[in-house]
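Sharing a structure, written as structure tokens. Questions coming.
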Amino acid sequence: MFGYTFQWNQALARLPKMLDGAAVTMEVAVLSMLIGIALAVLLTLLRLSGSRPLKAIATTWVEIARNTPALFQIYMAHFGVASFGIHFSPFTSLLIGITFNNAGYLAENFRGALKAIPDTQTRAGRSLGMSQLQAFRYIILPQMLRIAFLPMTNQMVWAVLMTSLGVTVGMNTDLYGVTQDLNALTFRTFELFAIAAVIFYIITKIITLGARLIASRLFRY
Amino acid sequence: DKLDDIIASGTLRCAVVLDFPPMGMRDANNEPIGFDVDYCNDLAKALGVKAEIVETPFPERIPALMSGRVDVGVASTSDTLERAKTVGFSVPYFAFEMAVTANEKSGIKSFDDMKGHTVGATAGTFEAIALEKQVQEWGTGEFRPYQTQADVFLALSQGQIDATVSTSTVAMANVKTGNFPGISVVGKAPFDTDYVALFTNRDEYGLINYLNLFVNQQVRTGRYAELYEKWVGGDLPSLTVPNAYR
Amino acid sequence: MIEIQNVHKSFGQLEVLKGIDLTVQKGEVVTVIGGSGSGKSTLLTCINGLEPIDKGRILVDGTEVHAKSTNLNKLRQKIGIVFQQWNAFPHLTVLENVTLAPRKVLGMGKAEAEAIAEKQLKHVGLGEKLSTYPTRLSGGQQQRMAIARALAMSPDYMLFDEVTSALDPQLVGEVLETLKMLAEEGMTMICVTHEMAFARDVSDRVAYFHKGIMAEIGVPEQLFNDPQHPETRKFLASVR
Amino acid sequence: MIEIQNVHKSFGQLEVLKGIDLTVQKGEVVTVIGGSGSGKSTLLTCINGLEPIDKGRILVDGTEVHAKSTNLNKLRQKIGIVFQQWNAFPHLTVLENVTLAPRKVLGMGKAEAEAIAEKQLKHVGLGEKLSTYPTRLSGGQQQRMAIARALAMSPDYMLFDEVTSALDPQLVGEVLETLKMLAEEGMTMICVTHEMAFARDVSDRVAYFHKGIMAEIGVPEQLFNDPQHPETRKFLASVR
Amino acid sequence: MFHTALTSADLIFLAKGAGMTILVTAISVFIGTLLGIVFGVLRGQLGPIWFAPVTFVLDIFRSVPLLIQLVLANAFVGMVLRLHISGLTVACMVLSLYTAAYCTEIVRGGIHAVPATTRRAARSLGMSWLQDMRYIVLPLATRIALPSWIGLALGVMKDSALVYVVQVTELLKSTQILITRLQEPLFLLLICGAFYFIISFPLARFGGYLEKRWSND
């Protein structure tokens, strides 16, 4: 039917290597999410703070993250900042790029979620003697994370997909990087990338299903 | 067969990589020039047809051939056995020596000095594959493949990597541009010579046969030496392997 | 003792409190009535320092609430407040709602906090609902939970701001019963309310607010049966 | 004339209409009363073909509504319907709400459609609100607009489905007045309602629905004063 | 402030790259939106079960890195189908479907948000399905969907930075080429980032403004 002979076994023989790559991909994605969430909470706090310069820093971060390509952010983290003599390994550059992106998008989600929480909640906490920070930590934050849970799941999926951009900064241990290396060896472009696509698809499905499971466990109210 | 088709159509379409000086590049007027370009023109002349240069980046070479966008690849393609499962190679028409280029700050003076350093090369090339293997053998240091030759030299001049292995021709050409301050070619890499071959579809025996004879004729008539002198210069690498048929 | 002395408070152009003077003795129950926007809620939020004031001062057991040196978080531990809108923390169970502040603010251990919480929840009639989430509770139950939550901090004073206004009529009774019980136990309370019968029954004194001024204050019999101020008369006529 | 003959209708397992027979003459006003879920709304949506039926047939001026060959869009032009929920088109002004169908469905010119629309809007007392957006209207005004919108198609029949149920009590009157006016002008109407006084005043006949069956039908005096069916008696007792 | 070797010819080169970015985005968003509307409406008509196969296929476009989609499409078209198709075409095809995958959800959500009772009212005035769609659903759904759609279009613009893998020289690739020649990575990257930002930021703000305005009334 096609003028091309598929050689799936050739490509499938490399599956173990690709799965190793998938593990690295997950490692980057999970790390970037964990750090990203922490930073996003921090950015949210900065944006809530009365201080103008702090607000400006947070807003700038969020807007740059949301309004420039992720590829640009990652490329910048490697080749851009190197102009200041700061060198990051490909892994670190990729992690920084994705984390920067995650934090920006998540901070925006958190802001939307905060709007949905009435400020009487903080008042109620404060009048029980809690400090501003305690009220945020114990009352606002958990509710915010719940409202933002679905967007967070989507961001996690994007984080996984974004790891594929690591090749532009010399990353070759993640799933995409491994696949590209194998392709250079064998020229079985279609088969190899098709397998990579399937692995990515499965990963994202596991994430969305897992998130649903976690949500049903975590949010019983 | 394809050979007939080419002669009948009156044009030979060659896949050439144009960001790989001096094998393929563009002059000030954006016209393709380089060793591979001349080689394609010679081939067309031998066939009695017109040459058409199709710019094809490294990863695009095989898809371009498969989709029939080109007839022959004259694209500095290493003739590995893996790849030969997919395309048909002629006998080698060129051979690269591998050279080490280092950032002067790194203090690397030879191939062996690279041990323990962060090194890089263009993803998917012969030298990248060999260098990555070497780094693994050394067991220390780090290997980074970048997407383009340009990124490799950018990373090298920024000091993100300390050294790279590339074909000596490319290394010379890049250092000569002056675009990358602080780097210099420091020696040869003891890798196998990288023989590169013309390629076409695997089952086009007639054409492959013709290509083999053409390469042979280029050497016999001295045209190979002439082109080498024009684009590269220096000692003419031998295209034959002692005690081997091909 | 809560001493409110010549308190003025504006929101932007709008002067909401125009010099309020009021002293509430230990064990006393004072109800505050008055038209919408007369500044009743604002006064309560000033007493526990949620809002700054512009002039005058408020002393709680001799500590000036709005002095710079006052540790407000500490002060608020002895002033419980319950608002009109139910402010249950929706992500916590009823028990967790009540133990949160004792644990995080007072640094109580889990077991101790839960013992206190259970006691207070039983007190307000929610002993069966410990592990329910507030969204499953009726409005009246949520308000009673909010009261238990405030009581769990063992406050010396309780402020109630129209705690029954947002409730369906059939739920009002259960909450008022709870307040009555507290009053009978001797808690010092300031209750803003629209429930005149409750005010008459429970209060030691009733204050009538009108446009930022405390127009009149007196024992219930006097204020309800023989109001002095013409605005008080108008108001009482309108709510009957 | 609307002829409903042995109409059956189920949603999945649930049989909602279990053989309804009813003929409404030109100029007649029939009100339908009955408990929640008895199938009143369903019957109306079957009459103008918004819902398919399982058995029986419905004829409007001799045209079978659920026949394959029937052009429903055409048929619906002569049957106006107004629902319980206000169904204003929020992106259009009051005038545009009313002119939309005449222009797009009947192909009327703008001027002509607006003339008709203004007439109908004045008729229902919204002559002043032509360029207002519906979100600015009260619920009662929105319902009257919906009536004008249906009337602008010059329907021969009007179906009303509890048009006052979602309204605040003080707005009910103005809408019922409008219906009364229509009835007096001789419009053929089927009104589903919970307003017994209205049903008694305006209807030629009143039908009582019970669990998908038309348990009883008769002139208002008879049905309200001397109900035959035990369920009717129960129902009337409950709503009084 | 900066001393740069950037020439006006280089600026034109960058502008061309930017033009390519905008071209690819415009084509893909246009086709993708049309497809998204068709799919979104179809999904509403057919119901989730009958539409499941399409949902599955569209979901793939949201679950696989765009880079892989591009490489695969290119390999498939070139090596398997052996069609002579330019990289630009492949890029637009992939990005269109990518857009369609997200747009379908947006359209579905928009239509879903139009109350069934409002549509019923339209139909009972004698409007046909098409008239209902045209005069009632379209304007109402647009209000709901437009802010997300703007976000999607901007997302596609940013993601179009990846089409370099199929040999389309768009803005970021042009920047990389210039970096090779001029060796001023930071400066050039800043120009490139500023370009994306200048297009994206105001539009994103506008989307946010619309969302706020329309959610109020």
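A, B, C, D and E are the chain letters, set down in written order, and residue numbers restart from 1 in every chain.
Following the convention adopted for this analysis, contacts are C-beta pairs under 8 Å (C-beta built on N, C-alpha and C of every residue); 3 or more make two chains touch, one makes a residue touch a chain.
The model shown is predicted, which means the values in this text are computed figures rather than measured ones.
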Chains touching both chain C and chain D, listed by label: none
Taking each chain's C-alpha mean as its centre, the one farthest from chain E: C
Greatest separation from chain A - chain, by CA centre: D
Between A-E and B-E, the pair with more C-beta contacts: A-E
For chain A paired with chain E, centre-to-centre distance based on mean C-alpha positions, whole Å: 20
Geometric centre distance via CA averages, chain B-chain A, whole Å: 38
Chain centre separation (chain D, chain E; CA means) in Å: 46
Inter-centroid spacing, chain D versus chain A (mean Cα positions, whole Å): 55
Where chain A touches two or more other chains at once, by residue number: 3-4, 79, 82-83, 189
Multi-partner residues of chain E (at least 2 other chains): 75, 79, 81-82, 176, 179, 185
Set of chain D residues in contact with two or more other chains: none
Which pairs of chains touch, using the document's own definition: A-B, A-C, A-E, B-E, D-E
Touching residues (chain side chain C, partner chain A) in the complex: 45, 48, 50, 73-77, 79-81, 83, 85, 87, 89-91, 100-101, 104-105, 133-135, 146, 149-150, 153
Touching residues (chain side chain E, partner chain B) in the complex: 74-75, 77-79, 81-85, 165, 167, 176-177, 179-183, 185
Chain E residues touching chain A - in the complex, by the definition given at the top: 60, 62-69, 71-72, 75-76, 79-82, 154, 158-159, 161-162, 172, 176, 179, 185-186, 189-190, 192-193, 196-197, 200-201, 204
Parts of chain E lying in touch with chain D, wherever the complex brings them together: 115, 117-118, 120-128, 131, 135-136, 139-140, 143, 217
Complex contacts: residues of chain A adjacent to chain C: 118, 120-121, 123-131, 134, 138-139, 142-143, 146, 219-221
